[in-house]
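Per-chain residue numbering starts at 1, and chain names A, B, C and D are given in the order in which the chains are listed.
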Amino acid sequence: MLILVTNDDGVHAPGLAALAETLQELGHVVVVAPDRDRSAIGHALTLHAPLRADLLRPGVYAVDGTPTDCVNLGIHGLLTSRPDLVVAGINRGANVGDDITYSGTVSAAMEATLMGVPAIAVSLDGRTFSDAEFRHAARAALLISRKVLREGLPPDTYLNINVPAQPIRGMRLTRQGRRRYGDMVVEKIDPRGRKYYWLGGGACDFEQADGTDCHALGEGYISVTPLHLDMTNFQSFTFLAQWNADVVDV
Amino acid sequence: MLILVTNDDGVHAPGLAALAETLQELGHVVVVAPDRDRSAIGHALTLHAPLRADLLRPGVYAVDGTPTDCVNLGIHGLLTSRPDLVVAGINRGANVGDDITYSGTVSAAMEATLMGVPAIAVSLDGRTFSDAEFRHAARAALLISRKVLREGLPPDTYLNINVPAQPIRGMRLTRQGRRRYGDMVVEKIDPRGRKYYWLGGGACDFEQADGTDCHALGEGYISVTPLHLDMTNFQSFTFLAQWNADVVDV
Amino acid sequence: MLILVTNDDGVHAPGLAALAETLQELGHVVVVAPDRDRSAIGHALTLHAPLRADLLRPGVYAVDGTPTDCVNLGIHGLLTSRPDLVVAGINRGANVGDDITYSGTVSAAMEATLMGVPAIAVSLDGRTFSDAEFRHAARAALLISRKVLREGLPPDTYLNINVPAQPIRGMRLTRQGRRRYGDMVVEKIDPRGRKYYWLGGGACDFEQADGTDCHALGEGYISVTPLHLDMTNFQSFTFLAQWNADVVDV
Amino acid sequence: MLILVTNDDGVHAPGLAALAETLQELGHVVVVAPDRDRSAIGHALTLHAPLRADLLRPGVYAVDGTPTDCVNLGIHGLLTSRPDLVVAGINRGANVGDDITYSGTVSAAMEATLMGVPAIAVSLDGRTFSDAEFRHAARAALLISRKVLREGLPPDTYLNINVPAQPIRGMRLTRQGRRRYGDMVVEKIDPRGRKYYWLGGGACDFEQADGTDCHALGEGYISVTPLHLDMTNFQSFTFLAQWNADVVDV
């Protein structure tokens, strides 16, 4: 088995090391990860500039790009054969609800799926991110990875996994939750008198609806959310179908 | 009506100017756009650094961030009141199929939706991108924007609109297509002897399945694809439910 | 005459436009400037990544690099023949004293000098930077440029010119002044609880010694400081010569 | 003794580690270095954005800025007291001749000098950069650092030190050499059909004049070049003095 491991916290992050080490139980692991923290980078792909890949040590590449770049470059350029699995993580902090659209970790798994390679994204909830917690989360990633390698995944589908920091009560199959937005922007003045702005200065919260990733995580369960590439809202077709007539004379 | 206009080709792009000018028919337009080309940046959000907003001229802000940043900062920071609509575009080149996950234009509309503001993303297919074509696409954006302002959109749903370059035959309600990946990485050597890599060196192609955005566009129709925020693959729940028992002892 | 004009405030800056327009009196002007603000970038050269040059309109290139990159790429790549002169500016704000080592404007002139092309850097003091002031400074740049084209410059030497905002009393040949450093760092906490730092939060001041650039400028004179490439402190050779014996057994 | 160590190859570079470890013989060493490779960044200072400093481990900070930022932030923000010495290096590759104006390593020493702290920049010539070579260069840095701490440096003066890869024959006091420019730009086409440019594609060479840094280095000697902050070309004053009359009527 050949497993490509990446993340968005950067190639020097402890969560990546824990994951890569643990997955060696399943086969050969190659790390292709950003040379620095690229959190919240979403599914950004570097097309306007070329990429560099530094071989830091055998089996570990640092790329001056995004997690999506790493998966793309890894599969099409750096790895000598096609990987059997891509695992992204272990992210410092949960990736749940609508926030997964910003996540470099989840987007790395999305990119692998676009390339036809089974993929999972793994994140660790909490605040301390101790080595023990990372090892625990890596263990969960190992079990689920083994399952994926044996059973496969539905077409165009990847898994978003969140591991709680507290004692783990089990695992739950979940859906993507919703965020309640209290967001605001914080305006400041720099030492030279120019304004600048921080995004995300407000309180942040998730709807604690049953069945969601955030709810399961809050209850102490590992959340496993199957995601797919199709963002079409088919349910809205009926509503929108009537528009056609009105706007058709463009 | 207050309309926030943004894009991912940058604040100086002609497609943005055409769009902003045309939408003035509907109300007051404020442009908040990246200070430079930020194509393929996905739903990247700038959290680790603050943002700057330069008022280039009345109603036009250049932000040193991503399209997602522009929408977030515009709604929560720069605009004096909440916009009634966010329109992103007009992108140079179609945004169809799975490639929309990379698109800064589509992600800007996604961000507005997360903030509860109706939103559409508009892209122009083709290769020449003449002023006349941009005006034509802006006209289509105007008609659809008017419709959205009057009728609203289903919850958590935004529209991804692609306008063909050729004579327009009408409009079609579509779903997100699939890309056929022939991608590869192109390896090169720089003048100092170091390797570098270009992503996306292979042929690129979309499945021409009936009902998809790419198919409608290819036939000369404006494609209107309703997208939502939920990426959960509910159909996979049955398949994955059986896993629970096996992996539960994490 | 072929004149290459660049700056570090970016290709859309009004000071650049005033300069380029005014210098057309001397010959053909081509602008090659950074696509955005690259102030305080020093003599940074982009070697690890390639550059892009967008032809915004005839004779105006935007480059995604530093002022030094622009001069290098302009001379060796974009211009069809070797320029007779490189003029950088008009910078928003004076470039005097030790601060010139940070200046992208001054470094652009340095780069031209390294390439054997006569060069001057032009900066405007003050706070308002009105169009009238920029035109005034451009006029000064024109007169000095004409002189340089006629008389040449000493080998490996370029001119750093600062124009006062107030009514101009004349021109003075000056030396590089000294800064008195009251600098400090301002520590802040971002909305997510992480520290960040602004450089340069302290008062800033220049020694008002006779003969210096800052002194002349403060008195209302245009300062013209001839700079060269050699930073060797020859006067220190005597002091250091005695070291040789002691450290020679490395 | 408190010694601040930085570089421009990034905080994970082996040359930095060798230097920091060796200098512990002289006192307490704190590393404040860029979080990634920032070669050829010149004297760039980050004023438009704030900086982050991550404490990687006790006494080692990674800063998301330039070498100049690291020295500035280290002295004014991170270190608890003023350092007695700043040492930048060990750079992968020589920093000689006019190329020192591009060097982040040399600029770090320049920044310390601006802040009134004695400083040296250390670079290793060659191509292999083995651990043994870095240790050797670090040893040379140690000897010279000890000397600087004991004897001090002339006002506003810092040392640029280059260590040959081959067996070292001794040390020489040198002046800044000259580069012979055969530079050119290499134009390429990316996989999407857009042009891009590499700087520095030509042959590169230094004048082998006696007494220069590059000459000494080529002969197997450590070059020690005292540099100062004043770039004024005083010798050109006579030539330029006559201009005054002509251009004074600005």
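Please note the rule applied: a residue touches a chain if its C-beta (ideal position, glycine included) is under 8 Å from a C-beta of that chain, and two chains touch if they have at least 3 such contacts.
All figures in this text were calculated on a predicted structure; none of them were measured in a lab.
K.L.:
Comparing B-D against A-D, which pair counts more contacting C-beta pairs?
P.N.:
B-D
K.L.:
Have a look at A-C, A-B or B-C and name the one that copies the C-D interface, over half of its contact pairs being the same.
P.N.:
When the residue numbers line up for over half the pairs, the pair is A-B.
K.L.:
Report the inter-chain centroid distance for chain A and chain D in whole angstrom, where each centroid is the mean of the CA atoms.
P.N.:
39
K.L.:
Using CA atom averages as chain centres, what separation in Å is found between chain A and chain B?
P.N.:
The answer is 21 Å.
K.L.:
Taking the mean of the C-alpha atoms as each chain's centre, how many Å separate chain B from chain D?
P.N.:
Between these chains, centre-to-centre, one finds 44 Å.
K.L.:
Give the residues of chain A that touch two or more other chains, as numbers and ranges in rising order.
P.N.:
Touching at least two other chains: 47-48, 50, 52, 188, 190, 192, 198, 200.
K.L.:
What residues on chain A touch chain B, complex-wise?
P.N.:
Touch residues, chain A against chain B: 37, 39-48, 50-53, 68-69, 72-73, 76-77, 98, 100-102, 107, 110, 114-116, 139-140, 143-144, 147, 151, 153-154, 156-157, 168, 170-173, 175-176, 178-179, 181, 183-185, 187-188, 194-200, 222, 224-237, 239-241, 243-244, 246-248, 250.
K.L.:
Can you list the chain D residues touching chain A in their complex?
P.N.:
Against chain A, the touching part of chain D is residues 12, 35-36, 47, 50, 64, 190, 192.
K.L.:
Spell out the part of chain D that touches chain B in their complex, as residue ranges.
P.N.:
By the definition above, chain D touches chain B via 48-50, 52, 186, 188, 190-192, 198, 200-201.
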